[in-house]
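I've put the structures underneath this note.
In what follows, chain A forms one complex with chain B and a second complex with chain C.
Right after this comes the complex of A and B.
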């Protein structure tokens, strides 16, 4: 069963299309990473899913219903972001107990345990927290609410590296114990790929790919060596990335399936065959212009 | 499977409880305002004296109307305040829809009105006690000085009804200004414009609410008006997106 179904969803702000004709579906109980660069439309997409925004056109269905201004949808969805606001008259521990009645699966022991573990003083108001502690606290709410759909928008921004690692561990542990659909947006894929099952890569409002992480790791392959030799192999094939790293030497990235049959020959021709990390692959796929930053320096 | 109405009411009620706890500081604010008003009224709201050389009469009139007036202004601003972005934002981490948000706001305003009416009535009693203690009792003319329990309750009920009416007005104005900030300028302009041009009409409208002698009829008028005001406010919000 699909928890989320998007059909040709477009969301524009004035003339700018933040989400452009996006279609995808997310299955139940998957831990999906929403990856994209700054301004790729990640937050807009998540707000659409959480029912904060209405799509300009297209259909969004979350639990088979339109999420905008939908109480039932809201009761099954938790949207964790850095603009969550709580009344100043509540201390953190108050917030945990006051929010609890809203969510049917709320785990209050877990919430208190995590608050204690991350050693955040429970007797202070939410607005007095530092950026990192705020992110940590909001994430605790996200985990403890155990909503059928939990959305984290850049949950780790401001957290230090130790807290980040602990957060991912806590999320994964609770997810395994209590499976539910989780979407985690991030621009740091190498940090999250260890816990993700699927990756949805967004580039300027358009879906680049939506694949299981394991497939993504084998998705592309890099060739490095003499330019002429490389040209012979990749002639007519679609390249994901191309870079002339020295005069007469080329580095290209292309889908593995395109070169798989000739791989032996490639190696024999003295070319280096490199595996591509998911992080690099995502950068290549979302590059605004082929050639990367070097191109800028070459011109100037 | 999903009992929509029941859930709407149950989540609205949960939100109402949440808001009641969250905004309790607003109620303390009211008590502060009432104490300030009490200080102003202890000097007397009007003073009259006359003498003919042999006999001089000086009359001080005391009334708690200032306290009630301040409470009315307070509830009006609370009505507006609840519609502001800052106050609406606290709904977001909860289970919410625009209707449940409105219903919980309305619940809060009702409780605030009851609270405001009770406290301002009691401040009126407090004022009488202060006067009674601080003056030579023979100097007090007992015109409406002693209030019966029935009058006290009646005062609270009527005060509550007025405050709910005013809060609904504030809530509507707040809801309209949320559509566009331009209304912040337009609404006062329209009100003052109308007041000048259609003075008679406004007075008549005002009389509908202020000169009603029968309590049930007055309550009915207020109820209908309040339902309309809150209803329009609720209709204005469902298509509003969340801006952060």
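Right after this comes the complex of A and C.
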């Protein structure tokens, strides 16, 4: 069953299309990573899903309903981001008890246990928290709400690396115990790759790919070696990335299926065949120009 | 064990290899139940689908077998199967690389064999 269905969704800010004709579906109880560079449209997409924004055109359905201005939807959806604000007169413990009745599956013991574990004093107001502690507290809300759809927008920004690791562990442990649909946005794919099932990669408001992480590993292949030999194999094929790393030597990345049948021949011709890490693949797929940063320096 | 997420070796293969070592070391006996996908997910902080793929890989190679509703169990001839597979895949690959590197460095066959013998001897001395 699909929890989320997006059909040709566009969201514009003036002339800029932050989300551009996007279509995808997310199945129930999957842990999906929304990956993209700064300004790729991640937060806009998440706000559309959480019902904070209305699409300019296209259809969004979350639990088979339009999420915008939808109270039922919002009781099933938790959206954690760094702009969450709470009344200043509330201490953290007040917030926890006020939030509780709104979410059917709220786990109060888990919230308190995590607050205690991360050594956050529950008697202080939300606005007095440091950036990292704020992220941690908001993420605790996200986990403890156990919402059928839980959305984290860059949840770890400001957290130190020990807290990040613990947060991902806590999230995964609670997900194993209580499966639900989770979307986690990040520009640091290395950090989240392990716990994800699917990856949705956004590039300038457009879907680059939406695949299980396990398939992403096999999606592309790199060839490295003599430029002329490489040209012979890749001529007429679409390249994801290419770089001349030394005079007469090329490094190219292309979809595995394009080169798979010739792989044995490629190896025999003395070319190196390299597998591509998920992180690198996402960088290549979302690069603004195909030559990487070197290209800028060559021109200037 | 810590998983190497930077490695180009997929995590599910790292999980399968780790389980193989556990079986080789005798931490799981024949017909004993191995970890479930959820236990593995929890232990290594990985998605349960990834853990399941690691287990399925071992099932395909008949190193473990599935009992419906009960989980995965170590096959009676698992140890032998792992040894045969590793000798074939890993050792042969390493030797291939060794031979190529030796050629590049102008080390001839006799010299290479002598070097291997020396390393083996050192290893034995260290064990004494």
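To be clear about the criterion, the second predicted complex is superposed on the first by the 300 of 300 C-alpha atoms of A that agree within 3 Å, B and C clash if a C-alpha of one lies under 4 Å from a C-alpha of the other, contacts with A are read in each partner's own complex, and residues count from 1 in each chain.
Here is the rule we use: a residue touches a chain if its C-beta (ideal position, glycine included) is under 8 Å from a C-beta of that chain, and two chains touch if they have at least 3 such contacts.
Bear in mind the structure is a predicted one, so any value in this text is a computation, not a measurement.
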First, second, both or neither for A:69, with chain B first and chain C second: first
Contacts of A:217 with chain B and chain C, given as first, second, both or neither: second
Chain A residues touched - chain C or chain B, whichever exceeds: B
Chain B versus chain C as contact partner of A:89, first or second or both or neither: first
Partner chain in contact with A:101 - chain B first, chain C second, else both or neither: first
Touching partner for A:257 - first (chain B), second (chain C), both, neither: neither
Chain B versus chain C as contact partner of A:272, first or second or both or neither: neither
First (chain B), second (chain C), both or neither touched by A:53: first
On chain A, positions contacted by chain B and by chain C: none
Residue numbers on chain B that touch chain A, as the complex places them: 2, 4, 7-8, 11, 14, 17-18, 21-25, 86, 89-90, 92-100, 238-239, 241-242, 244
Residue ranges of chain A in contact with chain C within the complex: 31, 168-169, 172-173, 176, 190, 193-197, 212-214, 217, 274-277
Chain B partner contacts - residues on chain A that touch it in the complex: 47, 52-54, 68-72, 74-75, 79, 83-87, 89-90, 94, 98-99, 101-103, 141
Chain C to chain A touching residues, read off their complex: 3, 5-6, 8, 10-12, 38, 41-42, 44-50, 53
